[in-house]
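Have a look at this one.
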Amino acid sequence: MATFPEDMPPALDGGSIAEAVAAVSLVDHHCHGVMREPLDRAVFESLLCEADAPGQWHGSLFDTQVGFSVRRLCAPVLDMAPHSEPDEYLHRRAELGVDEVTRRLMRATGISEFLVDTGFLQDRVTTPEDLAVLAGARAYEVVRLESVAAEVIAECSGNTFAQTCRARLEAAAHTAIAFKSIAAYRVGLDLAPERPSDADVLIAAARWESEIATGEPIRLNDRTLIRFLIWTAVDLGLPIQFHVGYGDADTDLARGDPLLLMPLLRATADCGVPIMLLHNYPFHRHAGYLAQVFDHVFVDVGLAVQNVGRRGAASILAELLELAPFGSVLFSTDAFGLPELYYVAAMQFREALATVVEERVVQRDWSESDSRRIVRMIGSQNARRAYRLDS
Amino acid sequence: MATFPEDMPPALDGGSIAEAVAAVSLVDHHCHGVMREPLDRAVFESLLCEADAPGQWHGSLFDTQVGFSVRRLCAPVLDMAPHSEPDEYLHRRAELGVDEVTRRLMRATGISEFLVDTGFLQDRVTTPEDLAVLAGARAYEVVRLESVAAEVIAECSGNTFAQTCRARLEAAAHTAIAFKSIAAYRVGLDLAPERPSDADVLIAAARWESEIATGEPIRLNDRTLIRFLIWTAVDLGLPIQFHVGYGDADTDLARGDPLLLMPLLRATADCGVPIMLLHNYPFHRHAGYLAQVFDHVFVDVGLAVQNVGRRGAASILAELLELAPFGSVLFSTDAFGLPELYYVAAMQFREALATVVEERVVQRDWSESDSRRIVRMIGSQNARRAYRLDS
Amino acid sequence: MATFPEDMPPALDGGSIAEAVAAVSLVDHHCHGVMREPLDRAVFESLLCEADAPGQWHGSLFDTQVGFSVRRLCAPVLDMAPHSEPDEYLHRRAELGVDEVTRRLMRATGISEFLVDTGFLQDRVTTPEDLAVLAGARAYEVVRLESVAAEVIAECSGNTFAQTCRARLEAAAHTAIAFKSIAAYRVGLDLAPERPSDADVLIAAARWESEIATGEPIRLNDRTLIRFLIWTAVDLGLPIQFHVGYGDADTDLARGDPLLLMPLLRATADCGVPIMLLHNYPFHRHAGYLAQVFDHVFVDVGLAVQNVGRRGAASILAELLELAPFGSVLFSTDAFGLPELYYVAAMQFREALATVVEERVVQRDWSESDSRRIVRMIGSQNARRAYRLDS
């Protein structure tokens, strides 16, 4: 009847998986730039996680998984003992200077390619080019659809919005590696799947223009226009990234469940365009399901990996890998501002991947050669293929 | 104050739990038939998991948890080393012939009873009787409500639909072991709990008839008629299975959350009819909650168990068992087409159950005699009781 | 590149973490009273978990995680071997007498403060004062908003409801430690965030009064009045507890997802009032997210901890701690009726906390001094600070 695998050949030493994981040059398929100015403790804490700032009730934001991870992982890179106290750490950081700290941490990530979203507070952080130099790596631009739309509406009328926007995105597609939508932040992911008609786009653009004329800040919150942007991006053939799940208090997390995207994913299944679901936590099992039933869907647990601690990172990666085909899983940091976040994300991702895969090898569930192959796919090759990085 | 259990008597050797688990003849309370024809690699891959077929982006569907599990577990049954390459595996499979492969794998499952849903692609797979012979086991028929309705509407008018349907289900109840609804696939699980009126059923049946008359394919998508079918089944007293959660891209997973069934579960709590929530992943903790607060609700993590790998299977079974009373948990494979899936499901379920229970015995949380009792309940006795298999 | 921490200093012996956890005097920030009368097996089982009572299908409710935990943990406190059979356990319980059993179990919890919700079946259980005496601890009252509203509408007219209710809550605020809302049970957590107008409250109170006049039972189900109660409590400055997630069949779990509270949490972020999200399971990762992005949000996994077994308790606490800042996590039992539940909750919480933290120390992720600090925060200090217990 049920035969348990006692008589299988002994597995090779799992330790070598950790070496394989450490050796992979990671592709960070979604991140932002780093800040170049010195930061005081309050600002540093406000950049650590998705809380706006430390407040009166919870105490220091260093008392979080990510705060503990920064002290554990980054302190040694700055020549300090792990778990150094926050003030000591920040003192040493200031002593070395932000450029030296950034160079040390970014180069220690082992990331060879950064795909940089330039649509968020771009004036406060490095450009992709500067990031590449600091990290000793290559960088590519990811163009945020909603930011392009905001630029366009500021310059032209509702009448010419669609045409100008399309032209701007066509031009961007020549240099950018991908597009990105933050529909989850603005209107939620329950988007009607149809391409909106030209007439509907015209009406919506006119409405937006008139709202701005009354003094509203320029911020795209219109479902029709966001759908227009997505379909324009689909026409241009580049991969499209979607913010999904975990973000700051400005998102409405319940409307960021990736299952809400199912109609749009069905509608785009045959367009030849990969759809990248970013972050996904705490809905990462939902994302894994979507990656299994839609061949054009790629998934990650970026941003979460650096925020949930070492055990959490291994758990959520394992949960993502329950249903997601191994060919659909990517690495990203979604790091913004602090070089510490790229380093913690990369290290904790490597630890998680090594833990998850090693356990399979030790239990003889996976062969060692398959395991090494899967490590390379998830760390690098899936992203290289989906973004056509080698062409 | 808090006394930790250092001074408790030593637990018995947990290894014997694995033996107890291996010794249980499983009741597979929900599955389909197997295919009898030879299959090429593309078709084999398309049957492995819930993806329609391998596509351009993710590579081979053997690069999934279930693909790796097939290579680990099934290859030895075909006299090969575990982790044999897919092409070698399929070559050996063809060499032995599908009947021999099916006999070997099905008999190695240790399943003594199969409850077979005959409502899906029945012309492509074995009947319950043939499955029983191949597997050396007993088989029972589960009648899919929506399939009966489709047969009836094809034969009669909207006017006589309700009466004919009721008669057909009454007749089926004499030979079937249970009914099944795929409401989750067709209209979602947020069903109004009331029994629909005869007048409403008449109107809905007439509408369906007229849609078919205009050339629409015969496919039941009407909430009123689906509720009519469910209440007709309740009247007949057999257990009713519901597809919940995980399925292919054709389901709308967000509408397949079992929590949406709460109103119907409240309405049926005193009808004396067990309600079986199938699959449930990724909402299996929700299902466990429902099993605790509704005595007539039974739950499983079928289909998921074979798809999520060994670690995943242990995790989701443990999560289901957080709230679900031990008397409410069942085993199913939901396997379709490939004998490999029955075998992987049975083996991975046994591994998961042994892991979850053994850990409790080793930590002295459960006594060994309780643990053996719970193993027998979950593997077999709960299903025997709920389906009255011994009467 | 990636450097794994092989050359870090050896961690101190993790065993001392268990001692630190055992030494913390816990603050149970949400519980109910205990029953003083002898209980037969059927009643005892009906109080064990969230099932109403044992039924025909699942067998004894002792065959649940909490049933096994009671036998494991409580039997030794009554001088019996762990895993004693239910009937033996109940026989010994009757032999010792309910007061002796209550004293033994309550004092063994190591809880120093009980915050007692007096709004549910208060006539069947001990008052906070009696509970304090039995447990040798301090007790405080948590006033349930909906219960106060029901008292008020029974005594006065819809016309004077708002004014009387406000006065009653003002008076209560002088002696109570917190308010509590069961909006999740009555209308769901998707509450409009605005403070309702006086006119709307007047209309809603008049409607409620007239419903009661027609013979409806006095039960507050009105969104406007519940929002009025919440905002009145906000004005009074005490912490406000919300039932979230896990409860009995009377709640609609899908409407108890804490993410639905986001608009109200945004609206109350600057009011200086802590919001306590109780239970949260199975949405505890959602709750952890809210605790990260809202400084005034505190979270626990009470009620679930005693219901999900030792492994489950460690899993859900770890999952809560993925995003929740360490300064935001609280302990509660939500125990009602049975002293066993306070003891199982306290013991299983300590086991879970020790497991989660020890693993971090053993892997050298956290320093031992940080770990001891976090243990004290979660077990006691966060609650002392949020409820101003020492002022």
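Observations on the structure shown:
Each chain carries a letter (A, B and C) given by its place in the written order, and its residues are counted from 1.
The definition used in the following text is that a residue touches a chain if its C-beta (ideal position, glycine included) is under 8 Å from a C-beta of that chain, and two chains touch if they have at least 3 such contacts.
All figures in this text were calculated on a predicted structure; none of them were measured in a lab.
Subunit B maps onto subunit C through a rotation of 120 degrees [Cα fit, steps of 5, range 0 to 180].
Of all residue numbers used at the contact between subunit A and subunit C, under half are used by both chains, marking a mostly different-residue interface.
The mean-CA centres of subunit A and subunit C are about 35 angstrom from one another, to the nearest whole unit. Residue numbers of subunit C whose C-beta contacts span two or more other chains: none are found. Subunit A meets subunit B in the complex at residues 1-5, 8-9, 257, 259-260, 262, 266, 269, 272, 274, 285-286, 289, 291-296, 298, 318-319, 321-323, 325-328, 356, 359-360, 363-367, 370, 374, 377, 385-386. On the side of subunit A, the complex with subunit C involves touching residues 18, 21-23, 49-52, 54-61, 63-65, 68-69, 72, 76, 81-83, 108-110, 246, 248-249, 252-254, 281-282, 304, 307-312, 315-316, 346-347, 350-351.
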